[in-house]
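Take a look at the structures below.
Two complexes are shown next, each including subunit A; its partner changes from subunit B in the first to subunit C in the second.
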Partner chain A sequence: MSEMTWKEFLAQAQEFLKISEQLGDCWVLYEKDASEPNTFLKYSQKIKCKESNDGYVTLINVEYHVVYSVSYQVPMLLFQAHRSDGSLLDLEATWRVFMPDTASKDLYQMLTQTDHPVLFRPFMALHPCRTAEVLDQFGEPSANRVLTFISLYGPHVQLQLANAYGLSK
Partner chain B sequence: MMRRAVTMTVGFLRTVFRVRLRIRRSFFSSACDTVSTFSKWRFSVILSEACCFGCLCSSYSRSSREFSRSARHWWAFSSLSSSMSPMVFCTLASTLKMCFRFSMAVAYCECLVFSSRTTSKASYTSGTPCSRFSTSSIRRRTSRTSCMHVSSCFSPTRTPSSWFCIPVFSNASTEAFLRAIRWRYCSTFSSCPGRCSMFSANLNRNAHKMSSGSEDILQFAPWESFVSPTFWHKLAELKLDYDRLSDAQRSISGHYTNRKATGCLLEADYTSFNSAGQPPKFCHAAVGTIYNKNTIEEFKALDKLTLLSDEGKKLLYDMCSDRVAADASLLTRFFVLSFADLKCHSYYYWFAFPCPLTPTLKLQGAVTRLSDLPNGSNYVEALQSLAPESQNFFILYANGQQNEAVEARSLSSLDENEVEHYYFGFADPSEYEHPAWLMRNYAAYLLQRFPCFVGRTLRFLGLRYNQKMQMDDSLIWNVVQSEACDLTKTEDIQFVGWELNKNGKMGPRMVCMRDSMDPAKLAENSINLNLKLMKWRLVPDINLEIISQTKCLLFGAGTLGCAVARNLLSWGFKRITLMDSGKVGFSNPVRQNLYTHADAVAGNRMKATTAAQRLRDINPSAETVGHVLEIPMPGHTIGESLRAQTEQNLQLIEQQVQAHDVIFLLTDSRESRWLPTLLGAAYQKIVINAALGFDSYLVMRHGSTRDMAGDSGLEIEGLKCINGNQLGCYFCNDVTAPGNSLKDRTLDQQCTVTRPGVSNIAASYAVELLVALLQHPQRELAPAYYTQTGRQQTVQSADAGKVPEGLLGILPHSVRGMLCNYENILPATQKFAQCIACSAPVLSAFRNEGHVFLFRTFETAKYLEDLTGISEFKRLNSEIIDFDDAEFDMSEDDED
Partner chain C sequence: MADSQENLASTSTTNATDKEAAKICVLLNATGNVPIIKKRTWTVDPNKTVSWIQKFIHKYLKLDATEQIFLYVNQTFAPAPDQIIKNLYDCHGTNGKLVLYYCKNQAWG
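Entry: the complex of A and B
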């Protein structure tokens, strides 16, 4: 099964961070305190996107958090985007940017707003309810399921890991 | 749009008229040549008409992007007499300025106004004083030839006063024109005092968009500010807790990265306010100041040019005093002018990146990539040896021999005699082919420190990393500044650097952070999101808007009132009014869930107002009011002394009933429900009633007094149907008028003694019944069904499936339940023609006599019985009625 304990998550997140440091990536392990689940992986990047239909390209900064979901016992991908003036993208704007072609009915099942389990602020999240199932499809559990998770879920929200992550081992 | 167009045109005409008065015989020639979809741009038509008057005018749009696309006209006017006084230009300029706000740049001899936006092709309407000016050549897109044309026609230096042009450009045309002008006459512009700096800023804004056509002049990519929400959070915190009324400037820091750069960003976040700001990994620090003003007026009134030049002088001081040699990051200076509207969570701000206007840098030869250099690997090696924190500004020393050795050095080790061996390196945050704005200051600094560099070729290396930390994209520019410029004479130096706002105009930006900073707004969004979850899959058609707009009036703020109010909040009802006369007692808080022990201890807290306050504590965006008043009741005689007070209360109650959509009857006695029932019927409101027994409850919707507009209810086999306007009210099953139920009762009979769960169940049913009703297509006119078999007029479970459903299932007339056997039945009853609360005689008596009628009923309830003829009825049928009462004993009192 692909569910993982908090300890496993933490160990694999640290392992992931090590690879990131080797690659000169900018992932950070944010530790609020030592208790479960108050440590998460953090990454931010800038994305050019067409927010509205008038063709204007705006630059947004997206901050990704890989947090441990206590109830589902899997990693969970949360993120938040803001524009150059500091205003946050709300749920509708996030949909437009990240999933412009998906029917809104399906969007609710994938990408929604939730309270950050560590920071207690509203964040956008990819639902963790199917994560274990998705990770299970890979037969043998991979050595680092946090890495597998990010590489599987990240691309849906424009978070691409360098191929070098797959080669490190 | 049209109206604005007209007013603006009028403004222009007025100006023009003034100008014409002054320049009498001047000759204006203009021809109109607009491309393609002319009809689309009606405003242009107006303008061209205006133009036909032989005047100057221009099209412009401030807000509408759509329209700015149309604003691609360029009016040129020739042959202004050379004696035209500066006054004329001033008048013209100021009028134009009014119309154009910030978007204009006025030079004294040349008046250039442009609204830059949009790309797409350039179209000009041109006055053609000279034959060489051919429209066709200009219409070609920003090609080099057209620039030549433009520049040869508009030659500000040659004939400074014989030309007067007001072009309104598209970006393309702006660029073409500016490039041409700048290319040739840059010095002219920079020698113009005042607003020229604004003009230059615009010029440079456009610089990075230009193609590489103009090799001669090095252009820079301007900074773009990129602010994190945490910056505003921190600013708000500092303002509230530390600065308060002080608006002293505060040092801040920013950072920029040359790794996988996007745009040319200068970023600021909460760490910007730290005293020893450590830039994030792969980032370099910029030095800044924030001027946070106390009022929007101060923010607006501040002289922006003076501020810019004050900040610029600080920069010059650093350059000249060699503080820069000690800390090169002083070259990347910026400042923010801001105003934080903390109440509305709005932030007005304007970034500026001051830079002295020095003679232009000419580019020598092509821009080369680092990887294209011979012995490129030597350079890479040398750069790799450089510590990341000193990579912002540095020197590369290359000995210039075959198989050359390259060495990275710090800026302070600079030796002017070795200049031909140097590459002046800097971390370049620009993603464009032009170097970042900071190189301007860098070059100015170098030339100031070593005046002998003037006229010599300087090699600049913009260090750029990609994602993989390779520096192949780094660029090298060979530049020369041919004129000397002494930066120590600060009085003569002009500065540029205000950032343009999102519309490409000279102006501040504003961001509203309410959604992420205002707790009330955060709560509202979360509550809505929670409700919207229902829409997603379970009830996609539910209308949450109706719910949030429905106004509810609650009679009674006891156990039922509190529970109903909370359930209303849960559903997203926002407007709730409570009426109650009681104070919070010691026994109340355990059952009445909006009160606490402290309310009882305080001794004088009124239930209605306390409950209203608590509801707002729970949901700040709720609009709640509490009215403390006694509800007049039939059979409760009102003494002469209380008459005036009662009169007032009656008025308030009537007015409140009219102002709300839904009335909840949640009081503790039967008779106190009479007046609200009557008013609800009289003013055609939705009335929901909840009453409690010891272990039983009744929740019902009163029949509507509206006329049925549509079809009556569907007849279904085995079921009887009662239309919404035929359904009874709480009093329709009675044959007695309510008397004084508190008389002759012991305490356990007076106070409602109920199982505690009953009130919560009933309150929940009451609110759910209302929501189901609001979502039903027929709302209160929706029919109710019952089976005729058996004595009771209720829907039996076997038939329940046949009842037509609304959005949230069936809509019963009433729900009667018992806790002793955990059973609900759903009776439906007809209106009673002799009802003492909702029948026609009562309603008409109320309409005709108003308060007189009411006071008569308060005197004696018998009056009602006589009015409706019910007393006669009672006498005849008392036996049967008694039987019914025994069959279904409902204590009508509900709460204390």
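Entry: the complex of A and C
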């Protein structure tokens, strides 16, 4: 199975960080303290979006965290989006911006607000319950499941990795 | 008059062959519990996106709407769905081919 231990997560996250540095990308590793699971990968970017129907394009700043989920034993993607005036996008606004084409009954099993496992603040989270199953389908086990996870689930919330991430072995 | 028409015709045929040559050869490999597709090599318009191929496979295998096709290269990396095949080929193509692996699963719930 593709569940991973905390140590594996940490090692693969560090490897991912190295690739990011080589490619000049700006992922960072945030370390609250040395205990499990208090280290996570962090990335932020600005994205353009049309929040309302009046056609105005606004810029929002999104901070992504890739955290180890102790209960599911897989990486988990959490994020928080702010408008340029500093206000936070609530759950409904996040759904509108990131998943405009998804039926609302499905949204509750994809993207909801939850407690950040390290920072204990409310964050938007992609549900991890199928992650291990999806990673399992990858024929041979992937060499870096953290990288595989980010490239698989990131695009659902506009987090896209450059093609060159796939070149490393 | 006849000459110019002939010219037109010949240029349009070279365009067509150019277009055919510009297509990218994609090799599809199934992994996990996904059904295989008998024809493994396909030629794809370089400007098509990854999500276009995902939709194509989904339709070809007549999968359930809740199931998703995942495409990946090099055992580790799933390219972004709006990435075009040309870019992907430039980065991951080998021996004139782009090798893609695909699998299916439910992504949520």
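As a working rule, the second predicted complex is superposed on the first by the 169 of 169 C-alpha atoms of A that agree within 3 Å, B and C clash if a C-alpha of one lies under 4 Å from a C-alpha of the other, contacts with A are read in each partner's own complex, and residues count from 1 in each chain.
Please note the rule applied: a contact is a pair of C-beta atoms (placed from the backbone, for glycine too) under 8 Å apart; a residue touches a chain by one contact, two chains touch by 3 or more.
Not measured: the values here are computed from a predicted model.
Asks: Once chain A of both complexes is superposed, is A:V57 in touch with subunit B (first), subunit C (second), both, or neither?
Replies: Neither subunit B nor subunit C is touched by A:V57.
Asks: Is A:E133 in contact with subunit B, with subunit C, with both, or with neither (first, second, both, neither)?
Replies: Second partner only, subunit C.
Asks: Going by the contact rule set out at the top, does A:Y165 touch subunit B (first), subunit C (second), both, or neither?
Replies: In the superposition, A:Y165 contacts subunit C only.
Asks: Regarding the shared-chain residue A:A34, is it in contact with subunit B (first), subunit C (second), both, or neither?
Replies: neither
Asks: Counting residues of subunit A touched by each partner, does subunit B or subunit C come out ahead?
Replies: Of subunit B and subunit C, the partner in contact with more residues of subunit A is C.
Asks: In the superposed arrangement, does A:L88 touch subunit B (first), subunit C (second), both or neither?
Replies: So A:L88 only meets subunit B here.
Asks: Just to be sure I read the superposition right, which of the two partners does A:T148 touch: subunit B = first, subunit C = second, or both, or neither?
Replies: second
Asks: If I apply the document's touch criterion, which positions on subunit A are contacted by subunit B in one structure and by subunit C in the other?
Replies: none
Asks: Within their complex, state which residues of subunit A touch subunit B.
Replies: 24, 26, 46, 48, 54, 59, 61, 82, 84-88, 90-91, 105, 108, 113, 115, 122, 162
Asks: Can you name the residues of subunit B that touch subunit A in the complex?
Replies: So the residues of subunit B touching subunit A come out as 65, 224-229, 231-232, 262-263, 265, 281-282, 347, 349, 467-469, 509-513, 515-516, 522, 525-526, 529, 533, 536-537.
Asks: Report the residues of subunit A in contact with subunit C in the complex, numbered from low to high.
Replies: Residue positions touching the partner: 106, 109-110, 127, 129-130, 133-134, 136-140, 142-144, 147-148, 151-152, 154-155, 160-161, 163-169.
Asks: In the complex, go through subunit C and note every residue touching subunit A.
Replies: Within the complex, subunit C touches subunit A at residues 31-34, 70, 72-83, 87-88, 90-92, 101, 103-109.
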